[in-house]
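Below, each structure is written out as structure tokens.
Next come two complexes, and both contain chain A; in the first it sits with chain B, in the second with chain C.
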Partner chain A sequence: MNAPQEQAISASALVHAKGLTVRYGAKRAVDDVSFTIPKGRVVGLLGHNGAGKTTLMKALVGLANAEGELRVLGKHPKRDRVALLQSACYIPDVAILPRWARVDDLITLMSGLHPSFSAERAKGLLKRTSVGLRDRVKVLSKGMVVQAHLALVAAIDARLMILDEPTLGLDVLSRKSFYEMLIDEWCDGERSVLISTHQVEEIETLLSDVLMLNEGKLVLSISLEDMDRRFVALSHDASVADEMAAAHPLLRYRGGAGRDSRTSVFDGTPPDNVLSLGQRVRPSLVDLFVALTRKPELDRQHF
Partner chain B sequence: MQTWDDRQPIYQQLAALLAEQLIDGDPPEGDAMPSVRALAGQYLLNPLTVSRALQALGEDGLLENRRGMGLYVKPGARDRLKQAERRRFLEAEWPRLRERLRRLGIGSEQLNWEAR
Partner chain C sequence: MKTFNTLLLREWMQHRFGWAMLVLIPLTLAVLLLSVGQIQLDSQTVEEVGAFFPTMLAAISLAGTTGLLFVLGTVVSLFLISGLARRDHADRSVEFWLSLPTSHAQSLAAPLLTHLVLVPVAALALGIAGGVAVSFVVVSRLVDVGAWFTLPWGQLLGATLATFARLAVGVPLAILWLLPLILAAVLLGAWLKRWGVPVLLLGLSLGATVAQQVFGLAWPARQLAYLALQAGRSLIHTQQQGFVVENGNEMAEALPKVVSFMLGDIAPAIGLLLSPGFLAVLALSAGLFWLLIDWRRRGAGVAG
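Up next, the complex of A and B:
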């Protein structure tokens, strides 16, 4: 890519971060992170607890002191925070609304608080849920609170939505309605969403890009389309495990296409003699996450 | 929720699923395909993945882009798909099936061709 092209892309990007670092005392919670988020993307922010996800999100909306270059919607998050929040939303927890309030009170409140909030749109979105306008928050289930909260947020005409663990503690039905709302309301080709979650398998198909953090460092920043091309997963028989291991895969685990099969994941295409020993399969995001962050607390069984 | 397997990229799996529906006449030839957003919402997929699947179907000559109106099912698409499916069956599936029938000693007269 030539320089003017690169400049044009970073100028139109909703988020542009270069060498971003956030320190808490001596610890670098976010360590020299560079990435851009263009418009129309759904970006998954993955990392174990303490990897720096929340700190990075806070930096994007000016709630953490960051070093390095950072532009969000063309603005400096710390300096232009008020202006930024006209068109960016940060939701640290979608399951919290004041318990005493009625849903229509919240709509009135939001109309007064946020200039780009549309009460009509919020009501329209709420009609699709089981939440009533006259319901008090305290009578709603957790899933319904999330739906109400998301309807309120989606009714803000924002170009960037930053959601920290929106599906935490939700049952499967509530998560599904959340994903539907995400696709229906936010994927219009203009808005972008940055979303952190541990529900990697469920959210993989909704994402266009992934950012992976490990101990503050960005270990992967890639579109899902490029991920399919760059990483090669081979399902193979246990009997050729040694040959596979010799080709230095990123990760190996039990399971795959057959009964006694294994899977090896490679960064880049392994040599033909190795390729021919297995059957190419789709590398899943969970596998890559495990491989690149090396903490075997996910549900795959490892060697 | 639709489940996707680990064998192929998801856009290819969606393209295969949509192709199966086209064989069944859904939507019929000459009709518009559902929009990217509608499909994305239905299958809970990122719209970019849906676009790639539709593009693949377009490259296979099954869909046509009518300017300003979106994607339509091309006349003759069902035939093309059926032909491709038949070829795949005869070339890939049938030899395996024939081998299995031989091994089990099952002749064509023992197979019930009438049951639905």
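Up next, the complex of A and C:
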């Protein structure tokens, strides 16, 4: 891609970060990260605990001091925080609604504080949950607080939704319901979502792109289409494990087509003699996540 | 304006139950205790006051109830405001509020205005209303029910409303004079959590004492006394001259004098603002408020 093409993409991107670094004292929580998020994308932000996901999200909404270039919806997150948050919605942690408030109090407050919030839509979304309008937050279960918060945020007509572990505490049915609402009703090709989660398998089918952080550094920034083209997974018999190892895969693990089978994941197409030793399968996001973010001392290749 | 009004509404939603209890409990206790308890009076004073006795009882009831609720409301408000920076941290809802498109200045100014001005003034108004009820109980018990209905309500309410007007102007003026201390308490609470106010009190008292005793510098203590004096004068009694009621015969003329005194005291109270000292107070307050905004902008103490 040439420089003018890159510039054109950056100009239309909802999020543009270049050389982004966030420090907490001497520690670099986010370390020289560069990426863009175009419109109409559902981007998964993956990383272990302490990888820098929350810090990155806070930087995007002006709640963390960041060095480097950062534009969100064309605005500087720190300087233009209020204007930015009028067009973006952010859930930092879903179990954080004020405990003294009733749900209808929160709808009233959001109506007055957020110009893009629709009280009618919020009430409609809440009808699908077990949360009542007169319920006080402090008597709701954690899952119900999550449902209430998600309903409030989904009622905001924003261009960018930034969700930090939004489904923590939700049962599987509620999670499915939230993902369906997100895809069917919120994502319209113009809006983008950045979502961090540990439930990688569950969300893989919803994502269009993925960002992987490891100890503050961006180890992968790729669309799922390109991921399928770039990474090759081969399911093979244990008897050819040594030949596979000699080709230096990213990751090897037990599991695959047969009982005694193994799977090896490669970055790029392996040599033909290696390809012929196994059957090509689609690498899962979990496989890549483990391959790219595991610590060397926890290498699972010993078998 | 809509955002700021909604932030004020938030304060009402969060604290309305507590405020209701703050008014109802003392009033209920006062009415109950005065209805059934013993009330002792100085017989000489009663004799001196003569026919003015019921009016005097009503005036004391109004003043006492209003004063009680005003003091309670102000003390509770100051206590709440001292923890302003760290409120919402216990339930982590601070992150919810930070995720909304409200400026840090508005988010800080709304609770300051509510608790430092609106609540004390509302306490005055409710105190007056409650005082009417208390006066009925007191006058009925110590004189008779009929006496309450024949009280000079025009003069009583005139004096009461004039006092309310004076205090309603005086409260925000006094708060302006004390704002550097209040904001310092809030800021230290942001940095030091529950140790903020104790550190401030200790620092001021110890600092002034050490400055005076060890270094021979009297100005720190003088400045603190100056702030307290200006705040007190702004709240009530700015003018040098007042009036004295020397005997029961003069009491009948006291109520109209209260009206003219209170209303005439408003302009001098406002005039206190026209001084270099107040400009310094404003500048210091602005600096401290900016530090609070900066603290909030850096994440309000929420771990990353």
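The definition used in the following text is that the second predicted complex is superposed on the first by the 290 of 303 C-alpha atoms of A that agree within 3 Å, B and C clash if a C-alpha of one lies under 4 Å from a C-alpha of the other, contacts with A are read in each partner's own complex, and residues count from 1 in each chain.
One rule holds for everything that comes next: a contact is a pair of C-beta atoms (placed from the backbone, for glycine too) under 8 Å apart; a residue touches a chain by one contact, two chains touch by 3 or more.
Everything numeric here is computed off the predicted structure, so don't read it as measured data.
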Chain A as common anchor, with chain B and chain C clashing or fitting: fit
First, second, both or neither for A:E180, with chain B first and chain C second: first
Winner by number of chain A residues touched, once chain B and chain C are compared: C
Touched partner set for A:V42, first chain B, second chain C, both or neither: first
Which superposed partner A:E225 touches (first chain B, second chain C, both, neither): first
Superposition-derived angle with apex at the Cα centre of chain A and sides reaching chain B and chain C, degrees in steps of 10: 140
Partner chain in contact with A:S284 - chain B first, chain C second, else both or neither: first
Partner chain(s) touched by A:T205 [first = chain B, second = chain C, both, neither]: first
Chain B versus chain C as contact partner of A:H114, first or second or both or neither: second
After superposition on chain A, the shortest CA separation from chain B to chain C (Å): 26
Residues of chain B touching chain A in the complex: 1, 4-10, 37, 40-41, 43-49, 52
Chain A to chain C touching residues, read off their complex: 22, 24, 29, 54-55, 58, 61, 63-65, 78, 81-86, 89-93, 95-101, 105, 108-115, 149
Complex contact set, residues of chain C against chain A: 2-3, 5-7, 9-10, 13-14, 88, 91-103, 297-299, 302, 304
In the complex, chain A residues that touch chain B: 42, 176, 179-180, 183-184, 187-189, 205-208, 224-225, 228, 233, 257, 281-282, 284
